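First the structure, which I've put down as structure tokens, then a few questions once you've had a look.
To keep things simple, chains are lettered A, B, C, D and E as they appear, and every chain counts its residues starting from 1.
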């Protein structure tokens, strides 16, 4: 997630460098053609690029809307994981017999491991990183048998809670209530994976991109005939806005791609870690994650 | 689902071949008329096609919005099926007496069969394909008595779980919790069928299509009087963008039509198959489905 | 629901016949005035109707959006009724003692009657049609004491299920689970009635309609001065698009009005009937409802 | 709620009388200035008011959208109250011992009183009106100790249901299910109060209003130079449309203000009253509420 | 929350003072350049700023939409806290043995403390303010061990309710129902924190702001050539509208920032306090919070 601190200009323009060069080249070509073949280029009414620009802004607005919704849904999912993680610890403390504090702690920390692991997995990074201190080596080995590592951790917690019931430290009814909370984690995991794995309709992006170049060409022809000193800057500024907004939309669409615009899953997992330690009254709690220069992961 | 890999140009343009030909013909007719009857064709202010173009982009944006929502809802339904399938296996393992592992396995694999069968059924393909190894011949025969094959599989699972309760391997309370999960599958199935069977308001699409041709005619008249070398290309490019976006919307509306833009139900069912095998600690798990050239079903 | 088959042109144009005549009359009046009083009519810049047209398309888009949402919500409600009806039968079969098959059948068929009756009631038709074979004469008589007939059927099912509990054929816990399903039917019924009884803000439609005529008048004045052969056709075509889209929105708003654009409640109820017969393993199942010429109710 | 019957023109124009006078005054001032100082007023390109008009329609569309959502949410809340009220009676009849019919009736009628009282309270009217026949004098007195009268009625029902449980006429499990229904009423009440008490962002409305006057001024200057006979009518008609749509939005925003555009809470409460009497098999049921001349409250 | 009473003009314009100065400076620079270098500045067609203005209004509309949704979601969360707080008291009174009134009161008032504390915490103010009379000193001390103070209060309530169960004053089933209500508070807390901690996509705001200045520059060049007396006022008025709407959006985005446009969390907590006292039949209830001059916090 980008923070409110000053975002480096370099970061912003690196995104559309190539496209801006294309726009300038198009502008220069049209200008050159205009100078040499002035009599052959008929007039392009300014209303043509103006209406194309309006159409682009309308379609871009749709694109931004849907992309924002994906990004916000991703954030909501991780927000729900925070809430349900707190509820899980409170429920374990309320429902399980008091002598089983060690097992409550084991389940709660394994759940924190699940949070870290899910975040890494969504980003395509090593899902076993950061969790060595939270689970034991047996659990670590068990994870290797699964293609979906976080699902393995979820199964371990489900089975250990089932064992608490079988050993009489949890009543059937409390067991079902805890199970409902586990189902929420299963849902959250699947929802995040859905966002990760579903590609935004590709053709839509292609056509929008194409329209921006149609706009650039028609606008440059339209401005070309009046010997305009601000033709190229104007082309670059307006098409730059469109291209940057389109890029913003594209980045919002994929919030688990290990980029500065990502949902800050590691920071959220760390918050859950701290809350869990507080609720378990642990003596040692980790420090909150600090933002990088202008973003937080 | 289209993947991010290079989409063949041929695939894109095959969709609007016929319409583009219409647009060119309209452009040529207007041009010819303009040459022979130049004095009789009055001026068409460029503001007319410009405003029609803006109106089209606004209405297209509504169309894209609703179509995207249908497509995304279809994807959400199949995402929910993934989550609930994982929860089902974990619940069976937590709730059913341990000696009944064979029945747990039978129910879990029959559920995987339900996933494959539902996907095929939605696409209008054979709902009994791919499931021979997952259910026994008795189940296969029972399916023939039902007009809705996946519903038959759901009933078998519901009744077998009820029998586990009757035989004392499941308590009443656990039974109700498992039933809640089965209700979710019934909901997901019905929701997908709703999207499949509900036709997007037909008249809306007709009027939008009609407006695009009105736009083409007015624009070609408007450009016709200035002896424009880019009249035809401009007509084709702008109306092509509109037609392609309209086609994109149409394809998103129907995500279960056995097309490259479909929701990848077979791939999702395969993921569920793999997860289920992992959770059951099966020795053999199937391989994930590989994408076709530029899409995955 | 309109099907994808060819919609008769007559059906479409019957809807806006009167308005189109108005538009032509306005166009002709302006034209006549223009011929006789040419010097007195000042110029109307084309930008005025162009911007009004854009404004109409924006406001029409809002109208279409909300209308579509109502239509889609109506379809979702009936989709939910399908899902919950299947779940109800599966729950009855799972929860009620096996010797009570006859009562399960009675409740399930009475529920099918509720589906037919609700559909008829929403459309303002006879709510006791089509259900003679599904409920007995005693139930039929009981319905007469209620102003809301489907609610009477729902109460009968609720009380009969409560009696199953009182007679010991259903445990308390299963009873509550079945009750949860009945609550869903009560919700669905009320939601459909809400859509039926809530009138879309009337003033909004009035003002939009008024703006379309303002557009027609300004456009015809604007085109009037240039002796235009396509003035009247253009007026008719553009305002016709607006009027047809506005009419589409109006029809989507009221999906229970016994019109071709209705939610196909009878067809959905028939599907439920078929599914129920399959699940009950009845020997006789009704045939699915066939679409009328170009729509299905 | 406005009904579909003919809405008096007087009702519509009373809403924007003052603003229309402002618009006419602005138009006349600009015209006078134009006549006397014709050489000093430079040209205002028509594109300026045209683009401002488009911007207003876009922003108005956002405003209408959010206002409609508030209005529709208010209607949904009252729709949910209908559904849950029916479910409440059915649950009381299913769950409470049969000999306690008198208490079931008392609770059901007190609940009807809650519906009337909530509607009155939301509108800022006397929350104790219309309910004298539904609750006894003791309940009436108890209400005086509460600042929120409907909440008092809800508490009475909750405590009486708890007493049924304490006296053994209701099992614990049924009690929890009934409590779930009461929680829904608490939610509905709070949601309606939220809509009532949350003011739509005031600055937004101010700026939009301001833009409409900017539009009027720029348009009148723009039209002023051509000695236009339709300047004033055009100004009034276009700005009138905007002002009426803005007013429509404002009225939709506040659906509990005792205005013709209100959510018809009294009529809904009456429907609940009738349904409850039918379900209780009361001999006397009240008549449905008839609409006023062109609206229903 | 801004109230409907007259908002001071000073409050509104303080927000965009700096930007308005920038706009005037740009206008004056362009004017000066136009006077001295009149022959070198080519014509800027008015269609360029007009279309940029339209594009800004479309993108602003998206921005307002999403910002409004955040603001409304924040208000919904606090509305849900009101509802669930009322339900909590009613459930405690219905479920806990009557002799434990003192503990019911202690839990209910601690919950009110949680409401105040959460509001303060979200605004970055002292989370221990206003709650001295509601919880005892032991609770106060316990809060110091937690980094998230409201979470500490929630844990205390969860554990005290669990103790009521352990001591036999609450049955298991009622316990689970109360726990469900506590889970809702955990959810509401996390959801509000999510809105507080998630920064609206920064780049989007930057690009929109940039486009407004591009609009100002192009419009001032476009108007500059005609020696216009209303160039500067027009620039200020139109860009002022855009800047104010953009600022409105920005303020709606962050509803927990201790500003007049905040969600009125303190006032809502006070309402909960009053309702709780009424339901507990306390002899003393606090007065409702009065609005500041033109807003309420």
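The working rule: contacts are C-beta pairs under 8 Å (C-beta built on N, C-alpha and C of every residue); 3 or more make two chains touch, one makes a residue touch a chain.
The structure presented is a predicted model; accordingly, all values stated were derived computationally and were not measured.
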Count of steps on the shortest touching-chain route from chain A to chain D? 2
With touch defined as above, tell me whether chain D and chain E contact each other through largely the same residue numbers, more than half shared, or through different ones. different
Which whole number of Å gives the spacing of the CA centres of chain B and chain D? 38
Counting in whole Å, what is the centre-to-centre distance of chain A and chain E, each centre being its mean C-alpha position? 24
Residues within chain D bordering two or more other chains: 47, 50-51, 54, 58, 61, 65, 173
Which bits of chain C are touching chain B when the two form their complex? 1-4, 7, 12, 46-47, 49-51, 53-54, 56-58, 60-61, 64-65, 68, 71-72, 75-76, 79-80, 82-84, 86-87, 90-91, 93-95, 171, 173-174, 177, 181, 226-230, 234, 237-238, 241, 244-245, 248, 252, 261, 274-275, 278-279, 281, 285
Please name which positions on chain D make contact with chain E in the complex. 40, 42-45, 47-48, 50-52, 54-55, 58-59, 61-62, 65-66, 145-148, 151-152, 154-155, 158-159, 161-162, 165, 172-173, 175-176, 179-180, 182-183, 186-187, 189-191, 193-194, 198-199, 201-204, 206-207, 210-211, 214, 218, 221
